[in-house]
Structure formats: structure tokens, C-alpha cells
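One chain, chain A, links the two complexes that follow: it is found with chain B in the first and with chain C in the second.
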Partner chain A sequence: MKAGGVYAAWLLIYDFVVLPDGRVDTWLSITGVKLAAAGLSFVGWEIETAGRFIACAGNRGVEIQNGCNGMELLGLYAGFIIAYSGDAKKRLMFIAGGIGMLFIANVFRIAFFALSNLYYPQYWDPVHHYSSYVFFYPIVLTLWYLWTTVSDRNDIFSGASLSSA
Partner chain B sequence: MDYRERSERYLFWRQLIISLIAIGLVYILFIRPIQSFAVREFILPAFDSFIKPGSDILTAPGRDEFFLSSLSDSFPRVKIDVPFNGYFWLAMAMVWPTKNKRLGRVIWIYNWVLFLIMPIVAISIINGFTWLALLANVHDKVYKALFLILGVLAVREADKLLKD
Partner chain C sequence: MRNKIAQIMVLSLPLITVITAQPSFPGAPAQAPIGGLGLLAAAGGAMALKKLYDKHKK
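Coming up: the complex of A and B.
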């Protein structure tokens, strides 16, 4: 319930402050596009970008809109880490590390969009819809699980456990 | 960690991965197309019939959901999901291998409650209770997160039991 509360608070802040302001989302979208383009160019594809648009040269482009760049998911991820008991320092590390991993996953997702538009443009809808399940949720669920194991280990070695032993 | 414990944990994790893949495929290939068809052919027309001529409310079909919006932007666009959607199946794909009946039951009951409440919420918004729109939008995202959390906690509990 606490995790749900933290996530609900984040959603309200996101919907009413962060998203209308647009700066963080815009940065996230444009940086994601730039990094995805750099990665694809590095491995040999010819990529064109313009702001938040990315395309394989001569093909239909993909626009990474605000609200569709994984930003909302960061709150979902952090909500559980904040709500589940554990060491504060490790919690911060988990939040920062997880957000970093989700950001990188988003770069791969954008690159995947550009390539799927080149090779399988007819499957755009399912590719777009299911991309979160493939790129984000495995990371979120695995890190949540790892956090429960790390924080339980802390409980075992905590002072309370030792004094009651 | 002895051999039996290791093999039981191995079997559990293998079951979990098979469950996620199998239920994912069944959902994508069968359940979701049926839900999309139901939304398009039955559910949306049924809700459309509640909208009075000249009303400010617009409905639009989604994939396995539909949207309510206001012509005059008097409330934010609301997503009305069909219960037992992808998040239910994802959570259950994690809960089933753990055989955790308690958490499984919570997810089932929550969905049955949604099955009753969501039509009432949608009809209320159509009838002018537009303050429900914000509540419905926040709830739409939060309950999905709760399902995922329950799934992860079920997995954690089962793995811990096998380990201890």
C-alpha cells in the first residue's frame, strides 16, 4: 500500500508538474534519441535524427514523445524501493542504479523502434505496445526482487536481530 | 545448500520462467484479441448508449480498453480498462508457480471488484461526476503497480521458503 501511495504521489507530481513543464521529459527524449542514434551508427546503420525524431536513413521516423519515454516508469520502480524497508544507503544506490539501467534500456528501446520501423514497419503497433514488457518490466521486476533479498539480508545482520538472538 | 534444495529452487525458477512465457503467449495470441473484440463490439457500444445526444462526452476505442474524454476539456481523458487485462495475467503468471493462494486471491478479488466498479465509474463520469476522472486515472496506474508488487512478493516468499 505504501508503494502504491508513493507511486500515486509520483503520478500526480508527474501529471501536474513534470509533464506540463516538459523540460525533464524533453531532455530524456532527446538524449535517448541521440544515444540510440550514436549506438546504431557505431554498429553500422545509417541513422538520421532531428530533435526527438529518429529514423534509419530514408525510412519512416519514430517520434519519442513526452510521456512515452519511460519517465513514468522511474516512479513506479522507485516507489517500491522507497516503500520496502532496507538500509538507506543501499536504497539510494538501488534507486540510482535502477534509474540508470532503465535509462539505458530506454535507449535500446528507441534503437529497437528505429530498426523495427526499417525491417517490420507493419508491426509497429504491437512492437510499440509490448516494448515496455520486453525492455522495462524484466529490469523493474528483477531489481525489485533483488531489493527484497538485499533488504532481508540487512534485517538478518541488523542490530535488532543480533540483540534478540 | 544441498542438492535437493538446489534442485527444488531450480525447478521453481524454471516453472516461473515457463509460466511467464506461456501465459504471455496465451495472453497476446488469445486473451487480448478476445478482449479487443469485446470492447469494440459490445462494451463500447453499451457505454455509448448512456451518452445523451448533445453531450460533452466523447468515447473512443483503445485496444483492450476505451477512453472517455470531454469536448470542452472539462476533465482529463480517462482510460477505462477491461478487468483481467495484461497486468492481471502478468501478476498471476508470477503467483501461480508460487502456489501462494493468499496473494492470488487478493488479485482475483480485486479484479472482480473492478469488474463491478469500473462500469459504475464510467457511467458516473458520463453522467457528470467528472471529478472521478482524475481518481480513475491515478487508480488505473496504481493498481497495476500493486499487482506487479504482489507478484514479486509472492516470488520472494516462495523462494525464501525453499531456501530456508
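Coming up: the complex of A and C.
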């Protein structure tokens, strides 16, 4: 219940404040594209970027729009950690560390999109549809599982009980 | 002078074909939304419920 409430609150804030404002989303999209382009260029691919567009030179580009850059996922991830009881310091570490890991995963995802458009453009639909299941969800589920384990261990040591997450 | 302007205009007309025959842009860029967030939320909820169930069972 608590997790659902935190996520619902985050969705409202995201849909009505953060997304219309656009600054955080734009920063996330453009920074992700720049880092992906830098990484691909570093390992030898010829990459073209323009703002939130990335493409292997001469090929079809990928646009990372606001709302498609993992921002909503970050809220869902953090919402679970906030809702599930545990030590405040460890909670902050899990939120900050997880958001950092998901940001890096998003950079790899963007780079993967650019390369998939170069080598397998015919598979764009399944690639972009299932990319989250490969790049994001294993990380999120692993961190959630670790958090529930860590907070349970903390509860056992402290004698505190679980809240209804 | 008028004749020269008319000549330039007439001679320029075929160039319109060259100008309009520029190569087109590549296809529209593909967009990259994140799918399956509902499934992820459901999986997280199930995980939390399982933990709570196990906790109460002990």
C-alpha cells in the first residue's frame, strides 16, 4: 500500500510538474546521448549526435524523448526503497547507488539502440520494446531484492518489525 | 538591363530541378520509450508481499 502510494505520488509529480517543465528530462536525455556517443566513438564507431538524437554515421537515428529516458523508472525504483522499511542511511545509499547504476544502464541502452539501428534495423521494434527487460529490470529487481534482504537483516538485529510495503 | 534580367531568369528556371532534387533526409528517427513498467511494479509488489508472508510465517 505504502509503495503504491509513493509511486502514485511520484507519477503525479512527474506527469504534472517534472515532465511539463522538461529541464530534468532534457538533461537526462541529452547527457545520456552524449555519454553513449562518447563511449561508442572511443571504441571506434563513427557517431553523429544532435541534441537528443544519436546515430551511427549515415544511418537512421534514435531520438531519446522526454518520458523515454528512464526518469519514470527512477521514481518507481526509489518509491519501493522509500516504502520498504529499513535504515535511513542505507536507504539513501541504495537510492543514490541505484539511480547511478540505472543512469549508466541507460547510457548502454542508448548506445545499443544506435548499434542495433546500424546492424539490425529490421528488428527495431522488438529491440526497443524489450530493451528495458534486459538493461533495467534485472538491476531494479536485484537491488529491490537486496534491499528487502538488508532491511530484514536490520530488523532482525534491531528487533523492529516490517511496515506494510 | 531588362533583357539581361529576363535572360538570367529564363536560364535559372532549369536550376529549380537541381535545387528540388536534393537527397532526402534519412527516415524519421526511432523513439525509445520504456515498456513494461507495470509488470516491474507488479513484480516488486509480489516480492514485498512474499517477504511479508515469510516474515509472518516465522
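In the analysis below, the second predicted complex is superposed on the first by the 158 of 165 C-alpha atoms of A that agree within 3 Å, B and C clash if a C-alpha of one lies under 4 Å from a C-alpha of the other, contacts with A are read in each partner's own complex, and residues count from 1 in each chain.
To be clear about the criterion, a residue touches a chain if its C-beta (ideal position, glycine included) is under 8 Å from a C-beta of that chain, and two chains touch if they have at least 3 such contacts.
Bear in mind that the values here come from a model prediction, so they are computed numbers and not experimental data.
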Specify the outcome, clash or fit, for chain B and chain C once both structures are aligned onto chain A. clash
Let me test your reading of the model: by the given contact rule, A:80 touches which partner, first (chain B), second (chain C), both or neither? both
Partner, of chain C and chain B, that touches more residues belonging to chain A: C
Based on the superposed arrangement, let me know which partner A:64 touches: chain B (first), chain C (second), both, or neither? second
Considering only the touch criterion stated at the top, classify A:140 as touching first (chain B), second (chain C), both, or neither. both
Name the contact category of A:12: first (chain B only), second (chain C only), both, or neither. first
Does chain B (first) or chain C (second) touch A:148, or do both, or does neither? both
Contacts of A:122 with chain B and chain C, given as first, second, both or neither: neither
Which chain A residues come up in both lists, the one for chain B and the one for chain C? 3-4, 7, 72, 76, 80, 129-130, 133, 137, 140-141, 144-145, 148, 152
Applying the document's contact rule, which stretches of chain A touch chain C when the two form their complex? 3-4, 7, 53, 55, 58-65, 67-68, 70, 72-73, 76, 80, 83-84, 109-110, 113, 117, 124, 128-133, 136-137, 140-141, 144-145, 148, 152, 162, 164-165
Which part of chain C faces chain A closely enough to touch in the complex? 26-27, 29-37, 40-41, 43-45, 47-48, 51-52, 55
Spell out the residues on chain B that touch chain A in their complex, using ranges where they run on. 24, 28, 63, 76, 86, 90, 94, 137-138, 141-143, 145-146, 148-149, 151-153, 155-156, 160
Which residues of chain A touch chain B in the complex? 1, 3-4, 7-8, 11-12, 15, 72, 76, 79-80, 126, 129-130, 133, 137, 140-141, 144-145, 148-149, 152
